[in-house]
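The two complexes that follow have subunit A in common; it is paired with subunit B in the first and with subunit C in the second.
After this line comes the complex of A and B, so read on.
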């Protein structure tokens, strides 16, 4: 526990030190990144300890804040989320050190490292805070330093725009969190998490309201549709190591908040599970449908993050539903799937963003329409990106599939346990889930096929160069983690057993006392079942990986034997140019132009050449976020217009302002006077 | 003793109305200065036992409110070449009427307040509300920036009157701090007036509306 405090202190110290030597960028980078990474690694010790041995560790310090002292604690749930935060932040610090040095002449790197370290310290504090006040403070530190990091390249207008959207979204989210914690505090009579946990179950209406508030507040951070609009803006705008950390760790903290609130709420109602599941499914579908149409690599990844958060929430919803229906196997599968996917997604999204950053660094752009041919020019990055695409599309030999595998099993079991229309609905969910998987495969085939294969579509991509070892090192470290996670998923599920127990414990608390033994037996049965499923998957993955490795080796040997250099068949074109290749938009034209529901499709602007003297034609396809373009933008514009009417009050005359004050004072005094008059007639 | 105290309070109330009704800035400054002196006297009366700290406070009040600030304002008037007319938005007669109505309401209102036993019948509370009200009226209804300063001073005098109730409870440092605050506030305002008059070649606050955009 103390080690975690030292981690936080060291991270803050690292940031300050980096800021202090801002005028020497190399030194600032060295201090900020090095010390930050060391601090994160230090924090891993207590985290692993808590995960392996379970148990709850708390620390109370005196603190003169209103509503609560300085209470921090470490339990399996916190440790579960601390693990990706710490690992990713350490790797991102190393990666970012190299990534940011390219900006050393133009930017103040000291400030960048200060906020990077504050960001990670904020995330750690969010996870270990045990009072509402401390939690919200840490949450704000995290969100605000992320804002500064997102607007690192603030001289670009689109980055400023992204920063604005992020700032507004995060503040609206936190407003809901305030409401949620106020309600909890009102019900429990204290703002301590311990008191929240000990609180006897609230009424169904109060806990339902709380769940909705938490879902909006934390959903805005987790990127659940329709609160996701900041995510596809902020991720591409931020430097890559920051987007890796945001996508891999920060948005998961939204999920952490949700899980934490769920542990306060007592046994779940069936509609909670259904709400979460349908929200998750909707998020996954919209996210992946939009991911398929984006031109920017990082934007594709951002939408894919939304999709994956959707899958996680869907799994969690299935788990909660199983729990409310007394189906421990379904509950176990659902919750394990959600937790497993949190880790796996953190690993693979971190690695994909690192790879995307490497592309940005080497080829100067992440626009798919200007990339191409990177497999030859940046082989290490491209190989990692291809593997990452396989993992994110949730295809078997890599780690992305484990969570989905368990989710499918859970859904199948749920389908078997119910009858009639219900099982039909579950069948539909499975079909939609399969569709999400198909779309994901399509969008990552597009990413790899357009971005990495073929020949370069622009001048900078032609001269792309491989990134430094400092950038590839963290990338391959994550890749290795992903492969290990794919081969031994049972090890991971062992590690997260206490977390699952903690998440599922809230249902057991409400059960009659005699049912304790039976439910424990059922729980162990469910954990056995998921372990067995994962074991089979691990063996399958290992076998597949071995086959792939063998194939690669055979190919390599073959290539070495006969180095033939021949041109491929050019389809009969005499002089092929890179412009004849498929464009990224063209690749997804069938989907984006025809198959998807109308609101999700491309926006096409076309002007066809016609007439006797034809003018140059024009065809442009854009895919703005439909919820942003049709929902929030008109809403906020109308709100702003309404607020402009208040300008009547603001005339710029001192006298008027003083008059407002006087009127307020007089009204307040009269209010007091009248109330007092009523009280003592 | 009590009769003298009441007489002083009534004099303060009369000065309020006078400040609302006169048309020359010098007269208003004089009224505010006299009110400061009276406040010092009140402080002297309310203090049951006069110790060093009380004496210091009385002297500080007398000097700052009665002499330094008025002198400074007169100086500012001369420096910024301010004309002597008050230039109100609302006529003197109506502002006096408003002041009188406010005073009456303040007396009525003070009765409804849940005050401690020894204060229930004192004139201090209504007088303090009435003075604050007068200060607000001056702030709102007068054009020149220097009148805003005077309104602010009256407002502060009202608060000071209310503070007399809490004399035993209030630490010495707080009172001295308030006086110092006031002094600095007036000082800053004097400088601002100077700047306004230089920028706009008049100190009418109506010009400030141009700064809105």
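After this line comes the complex of A and C, so read on.
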């Protein structure tokens, strides 16, 4: 526990030290990244201990803030989310050290490292805070330092726009969190998490309201549709190591908050599970349908993060629903799927954003239409990105499939256990999930095929170069983690057993006392079932990887036979140019132009040349976020217009303002005297 | 134990040797319809043998992804076939939820072959890859919904049981659902194996093709692997159909295998008949037919749960 405090302190210290030597960028990087990474690694010790041995550890320190002291704690749930935060932040620090050095002439790297380390420290504090006040303060530190990091390249207008949207979205989210914690504090009579846990169950209406508040507040951070609009803006704008950390760790904290609130709420009602599941499914469908149409690599990844958060929330919803319907196997599969996918997605997204950053670094752009041919020019990055695409499209030999596989099994069991309309709905969800899988394959084949393969589509891509060892190292570390996670998923599910128990425990709390033993037996049965499933999957993944390796070896031997080299077959055309390749827009044209529901399709603007003196023609396809373009933008514009009407009051003349003050004082005096007159006749 | 090993050996042997014959049968049926003699039934085997010995020409733009595509296109349907019970209720590998894995293994194969196609940097192959993946998005739910009907019917999550001999008992009670699934899966079979009305394996107009256009640049042994892999995939889907219609277990091993082989060949004849009598669909109409397949299986599910 103390080690975690040291981690936080060391991180803040590292940031300040980096800031102090800002005039020497290399030293600032060395101090900021190096110390920060060491601090993160230090924090891994108590985290692993908490995961392996379970148990709850708390620490109280004197602090004279209102509403609660300085209380921090570490339990399996916190440790579960601390693990990706710490590992990713250590790797991102190493990676970012190399990535940011390219900016050393233009930017103050000291400030960048200060906020990077504050960001990590904030995330750690969010996870270990045990009073509402401390939690919200840490939450704000995390959100605000992320804002500074996102606007690192603030001289670009779109980056400023992205930062602005992020800031507004995150604060609207926080407003809901304030309401949620106020309600909790009112019910429990204290702002201590312990008090929240001990209070008697709230009424169904109060707990439902709390869940909705938490869902909006934390959903805004987790990127659930329709609260996701900041995510596809902020991820591409931020430097890649920050996007990796934001996508891999920060958005998961939204989920942590949700799980933490759920542990206070007592046994779940069926509609909670249904709400979460339908929100998750909707998020996954919208996210992946938009991912396949984006042109920027990092935007594709951002939308894929939205999809994956949707899958996680869907799994959690299935788990909660199973719990409320007394179906322990369904609950076990659902919750395990959600937790497993949190870890796997953290690994995959870190890995993909590191690769995308390396592409940005080497080829100078992340626009798919200008990339291509990178497999020859930056083989290590491109190979890692290809493997990452297989993983993130949730295909078998890599780690992304495990969570989805458990989710499918949970849904199958739920479908078998119910009858009639319920069963039909659950089984239809599975069909939609299969469609999400198909969309993901389309998006990521497009990302790999257009972005990395073929021949380069632009001048910078032709001269792309491989990144430094410091950038490839963290990338391959995550890749290795992903492969290990794919081959021994049981090891991971063992590690997260105490977390699953903690999440599922609140359902048992409301059960009659005699049911305790039975529910424990059922819980162990469900954990056995998911372990058995993962065991089979691990073996299959290992076998598949072995087959692929064997095939690669055979191919390597065969290549010595030196096949004849020719240019690509162009159906008789002998002078192909790279511009004749299929484009990213074309690749998703059939889906994005015809088959998706109308609001999700891309928009075509065209102006054809006409008349006697024709002007240059124009054809442009854009795919703006439909919820932002049709929902938030008009809403905020209308709000702004309403507020403009208040400008009438703001005259800019001093005597008008003095008049306002006089009128205000007179009205207040009158009101007070009238009330006073009523009270004492 | 011994019987199990015998089963597995037979399963793998049939899965490896029989598939090209289906291509031969289809070719023969089409030739008969056209009034030609047609190539020999065993011609696909000769073709594969010939391709295996040939050298190859490779585009300069390609990388290892291009080489991995055909391998995965061969390996994944073979692995998926290990989950499917060919006779009785026995599959070499089976565990809870293997139906999902079967679908996703086919997805992996598609991912790799499409990436390999894009590796050449040819616009034709890019077009083919885009179409293949777009249509797969719709075909996967259709296949899945059919599998879900079987799950709900048999109460099992293993393909070996779902398509095992216990299914026979459900035909009298849930025949309507099963017929709908059969129709839906036949459409999926035609699509997944790039048959008319979705795609024409014999055309030479690259602009109109889906699957075939993805393999334009492959030659020699790699092309052989693609052909072989495609035939195994065809066999897989044909076997699914046969097990759906005739999940019988006669007690005699030889008779069981005869039923399966006969059934698969009948499916091949049916494909040949469809290819000879139906015209290709316009590309924009293809999704409609796939959605129809989804609806058919979906309706099967509704009938079952009403």
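We take it that the second predicted complex is superposed on the first by the 632 of 681 C-alpha atoms of A that agree within 3 Å, B and C clash if a C-alpha of one lies under 4 Å from a C-alpha of the other, contacts with A are read in each partner's own complex, and residues count from 1 in each chain.
The working rule: a contact is a pair of C-beta atoms (placed from the backbone, for glycine too) under 8 Å apart; a residue touches a chain by one contact, two chains touch by 3 or more.
The structure displayed is predicted, hence computed values, not measured ones.
Within the superposed three-chain model, A:321 lies out of touch with both subunit B and subunit C [touch as defined at top]. Of the two partner chains placed by the overlay, neither subunit B nor subunit C lies in contact with A:119. Shared-chain residue A:565: touches subunit C; no touch with subunit B.
In the superposition on chain A, contact is made by A:581 with subunit C only, not with subunit B. Touching more residues of subunit A than its counterpart among subunit B and subunit C is C. In the superposed model, A:662 lies in contact with subunit B only, and not with subunit C. In the superposition on chain A, A:651 makes contact with subunit B only, while subunit C stays out of contact range. Contact residues of subunit B toward subunit A in the complex are 89, 109, 112-114, 129, 136, 139-141, 148, 205-206, 208-212.
Subunit C meets subunit A in the complex at residues 55-61, 63-65, 67-68, 71-72, 75, 79, 95-97, 100-101, 103-105, 107-108, 110-111, 114-115, 117-127, 129-131, 133-134, 136-141, 143-145, 148, 151-152, 155, 157, 206, 216-217, 220-221, 284, 287, 294, 298, 301-302, 305-306.
Put simply, subunit A touches subunit B in their complex at residues 650-655, 658-659, 661-662, 665, 669-670, 672-673, 676-677. Within the complex formed with subunit C, the residues of subunit A that make contact are 372-373, 375-376, 379, 386, 390, 393-397, 401, 405, 408-409, 412-413, 415-416, 419-421, 423-424, 427-428, 430-432, 434-435, 437-439, 441-442, 444-446, 448-450, 453-455, 529, 532-533, 536-537, 540, 544, 547-548, 551-552, 555, 558-559, 561, 563-571, 576, 578, 580-582, 586-591, 594-595.
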